[in-house]
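In structure tokens below, several structures.
Heads up, the next two complexes both have chain A, just with different partners, chain B and then chain C.
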Partner chain A sequence: MSQVFIVGQSELPGKVRVGRDEVLDWVFVVLPGVSAEIPLEIDIDGPGAEVSLAGLYLCGGDERVQFDVAVRHNAGDSHSRQFFNGIAGGRSRAAFHGRILVRPDAQRIRAFQENHNILLSEEARVETTPQLEIYADDVECSHGATTGFLNQEEQFYMRSRGIPESEARVLQMISFLSPVLARVSDPAERERLSREVEAAVRSL
Partner chain B sequence: MKLLEIKNLHASVEGKEILRGIDLGVGRGEVHAIMGPNGAGKSTLGAVLTGRPGYEVTEGTVTFDGADLFAMAPEERSWAGLFLSFQYPVEIPGVSITNFMKAALNARRKAQGLEEMKAGEFLKLMKEKMAFVQMKGEFAKREVNVGFSGGEKKRNEIFQMAMLDPVLSILDETDSGLDVDALKIVAAGVNALRTPEKSVLIITHYQKLLEYIVPDVVHVLKEGRIVRTAGKELAEQIWREGFESIV
Partner chain C sequence: MDEIIKDITSQEYKEGFVTEVEQEYVPKGLNEEIIRLISAKKQEPQWLLDFRLDAFRKWQKMKQPAWGHLTLPPIDYQDIIYYAAPKKDSERPKEIDPALAETFEKLGIPLREREALAGVVAVDAVFDSVSVTTTFRKTLSEKGIIFCSFSEAVREHPDLVRRYLASVVPVSDNYFAALNSAVFSDGSFCYIPKGVKCPMELSSYFRINASGTGQFERTLIIADEGSTLSYMEGCTAPMRDENQLHAAVVEIIVEKDADVKYSTVQNWYPGDAEGRGGILNLVTKRGLCRGMGSHLSWTQVETGSAVTWKYPSTILQGDFSASEFYSVAVTNNRQQADTGTKMIHLGRGTRSRIVSKGISAGQSQNSYRGLVQMGPGAVGARNYSQCDSLLIGSRCGAHTFPVIKSLNPTAVVEHEATTSKISEDQLFYCNQRGLGPEEAVGLIVNGYAREVLSRLPMEFAVEAQKLLQVSLEGSIG
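What follows is the complex of A and B.
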């Protein structure tokens, strides 16, 4: 069961240790108008542990949002996954610093990290720094980071079908965020959050 | 007045003139084919008519149903009944065909001052048009063009055309990359939409599609100008003798 944190409303967890066979499933949402630094330190201390961190951040004005995520695999046979997508418009600054550490005797690890960003203005800035430190050899680990503008070809295709430019942009942004929203396991909560995110996207 | 009236149309891409004075009129109920060798400007014509960014009209006028086409945004051209079947349909990850079509139809209804379509009515229309291009039920849930084969992409274009029910359909190289079976489905789809009020402009390099969708008029485009206009027999001549035989 995933736990949702609305940054600026919910109390943030900060540091946590995850023991044998424990599951940690967190989703972070940063809505427009909220500036925040979100440090997350996860120590995975037991085999069989499963950690999933997901997040979306929407900045349309002069917000400053920064995620500092550290996931440390201190025990073998554990899995972690990070999936963060953000949209930055206006003169906002968004940063995602994600670190994965795998200790020398932590074998059979799977650790993944994805951070994708869309810029809505020339003045907005996004910084994404993935950092992998792997000291074990039986490890499956990957990261991906991208930053770009909304795809113009997609927009023209939609407009040629009668979807106005503003609505085409909303569709693009919602589809970009939907993999993060899909991480919310409770259907009612996911539905409520999706509506809130759609309204926020329309305001950008 | 003709449905589409193109007069002395010049257009450039990145400062290079591609269309160099096109005159063309398409009447209601007519099917016109525009043929020509690679680089003649065929796809540029389709792009300019639908308002694709990056194409600059430097001279000339186009009226669609009496209105100045170039004063309209791409979405407004769609609402007015213009449709382009893309040569290279665009993939839109994360957007389902259902949501895509719902957004398209409801945007037009909103522009026309109508209420959104009822869910049941929309689903019925989807089902009917999917059957029309022989698409199975799961098609509606798929992301637009993502992972589609070449034939599926072109059938999806014809599906969208059927959903939007345009007054003028421009088919840009709809036959390229299609096997004969897919070609027949596409052609049957287009033919079924032919009415005395609706017109089609077929842009093609080959004569093959014109065996299935028989045009009233064939134009040959060469170096940005129409160099020859005749009946359907012109397509057969090109097929036999090549573009070089046309002055």
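What follows is the complex of A and C.
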């Protein structure tokens, strides 16, 4: 069952240790108007553990949002995923610092990390440092990071079918964030969050 | 499988011999007197001495950086000889010492002008602190190309040197660049005039021979408007139990529409299996794509050195300029490498591409560290990075530390990285088809690094493939 944290409203977890066969499934949501530093340290101490971290951030003004995520695989046969998507507009600063550490002898690890960003304005800034530090060889690790802008060809496609530009942009942003929302396992909660995120996207 | 890896990663370093030649040294240590002495030995003009002294004063105020993912042995800067040169035969001052000629012959570096297998290569051969010879100078000068040692350039083309020296890597850029600016000995200088396509590959070969010394070479390459150049660099050193310091600076200026390709096969002595000795390779390499449509391509194959700390970078200043970085870094035994690139996008529509392949074996640590920055003026700029790591054996480490900064909403940056090992399945597949385990690993590693190796000039590509095999000898297990 996934646990949702609305940054600025929920109390944030910070450091946590994950033992044998435990499952951790967290989703973080940063809505416009919230500035925050979100440090997360996850130590995976037992085999069979599964960690899934997801997050979305939406900044439209003067926000400063920074994620510092460290996932440490101290035991073998564990699995972790990180998936963070963000949109930065206005004069906001968004940063994602993520690290996967695999300790010596922690074999048969699968660890993945993704961070995607969209810049909406000239004055917004995005920084991303996805890092891998790996001391064991029987591993499958990868990370990916991108920064970019809303695709104009997609916008043209939608506009040529009668969708106004502003609505097209909203649709693009929602589809960009929806993979994170899909990580919320409770349907009612997902529905409620999606509505909140949509309202936030429209406010940008 | 462990046996196979072990076999593959333990072959010896065949360039590890010492040349017996009479050499002259400056006294050990570093102070203003030593710098004045080096400058006097090279008969340098006052402005260059002032440049050195200024750099030395700045260096004294700086601290050795510690941010690399490296364990550097402590370096005693007062325990290094900063200048060592083979003595010239007083009777035949114009000729190359036969011992030196033999050394370079043994290393496969032609000092006589002759046709090489795949065409002609002009060489600037540097032995410890001096350039021994530069070949094909006459042929090149007919086209207006200047290719000579740095010391000669200071004497013969002071205006060019003065104009471009430290224009890409400022004196106080970093600790080792400042040290180099204070004590640099020889290196290569190259100027390609407007619209000239260099008819042959130019290359520098650096050889450390004397013990207790460091090598501090300085290379300056200027490609004027619309010119084309392919430049290669190679290096080796004898096997010793001491660590020797190599702190070089390479500066490349690429003007409008010029095209420069810079290739390195770095094969400094890596130290023995227990991590004794080896070269500390701490270098600063940077190019400036100054003009519109200029292009700079870096290709490096890093197999040697006990410690590598190297980030060939490009500043993409001109609109629509482009740069690439292709790298294969192999570490074995107790080698450490922290290498990567910086792509600083300033101009409109600038493009960059990074392909980095790390291979770690033994107990080595291999890191990719990179920066991609999109400045406010980088409208429509684009970057793509791909960094892969291959682990051979369970006691090595592979790390990826990219930094991406975007200050422009029209720029696109993409970064991807993977870490994995050679799978049993791949090896089994090869074995099944009659390939021995070592051959199989060689095949897999070569295939893995192929994208980078294929970018090397022909002469280098063959050499690099062999080196890759040798560097990994004994690592399968």
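The working rule: the second predicted complex is superposed on the first by the 204 of 204 C-alpha atoms of A that agree within 3 Å, B and C clash if a C-alpha of one lies under 4 Å from a C-alpha of the other, contacts with A are read in each partner's own complex, and residues count from 1 in each chain.
Here is the rule we go by: a residue touches a chain if its C-beta (ideal position, glycine included) is under 8 Å from a C-beta of that chain, and two chains touch if they have at least 3 such contacts.
This structure is a prediction, so every number in the text was calculated from the model and none was measured.
Engineer: Of the partners chain B and chain C, which touch A:Pro130 in the superposed model: first, second, both, neither?
Structural biologist: A:Pro130 contacts chain C only, not chain B.
Engineer: Would you sort A:Glu167 into first (chain B), second (chain C), both or neither based on which partner it touches?
Structural biologist: In the superposition, A:Glu167 touches chain B alone.
Engineer: I'd like to know which partner A:Ser175 touches here: chain B for first, chain C for second, both or neither.
Structural biologist: In the superposed model, A:Ser175 contacts chain B only, not chain C.
Engineer: Given the touch rule stated above, what does A:Gly8 touch, chain B (first), chain C (second), both, or neither?
Structural biologist: Neither chain B nor chain C is touched by A:Gly8.
Engineer: Per the contact definition in the header, classify A:Met158: touching chain B only (first), chain C only (second), both, or neither.
Structural biologist: first
Engineer: Can you tell me whether chain B or chain C touches more residues on chain A?
Structural biologist: C
Engineer: Please give the residue numbers of chain C that touch chain A in the complex, ascending.
Structural biologist: Against chain A, chain C makes touches at 69, 374, 376, 389, 391-421.
Engineer: Spell out the residues on chain A that touch chain B in their complex, using ranges where they run on.
Structural biologist: So the residues of chain A in touch with chain B come to 152-154, 156-165, 167, 171-172, 174-176, 178-179.
Engineer: Report the residues of chain A in contact with chain C in the complex, numbered from low to high.
Structural biologist: Interface residues on the chain A side: 104-105, 107, 117, 119-122, 124-149.
Engineer: For the complex, which residues does chain B have touching chain A?
Structural biologist: Residue positions touching the partner: 50-53, 73-75, 77-79, 83-84, 86, 89-95, 99-100, 103-105, 107-108, 111, 160, 164.
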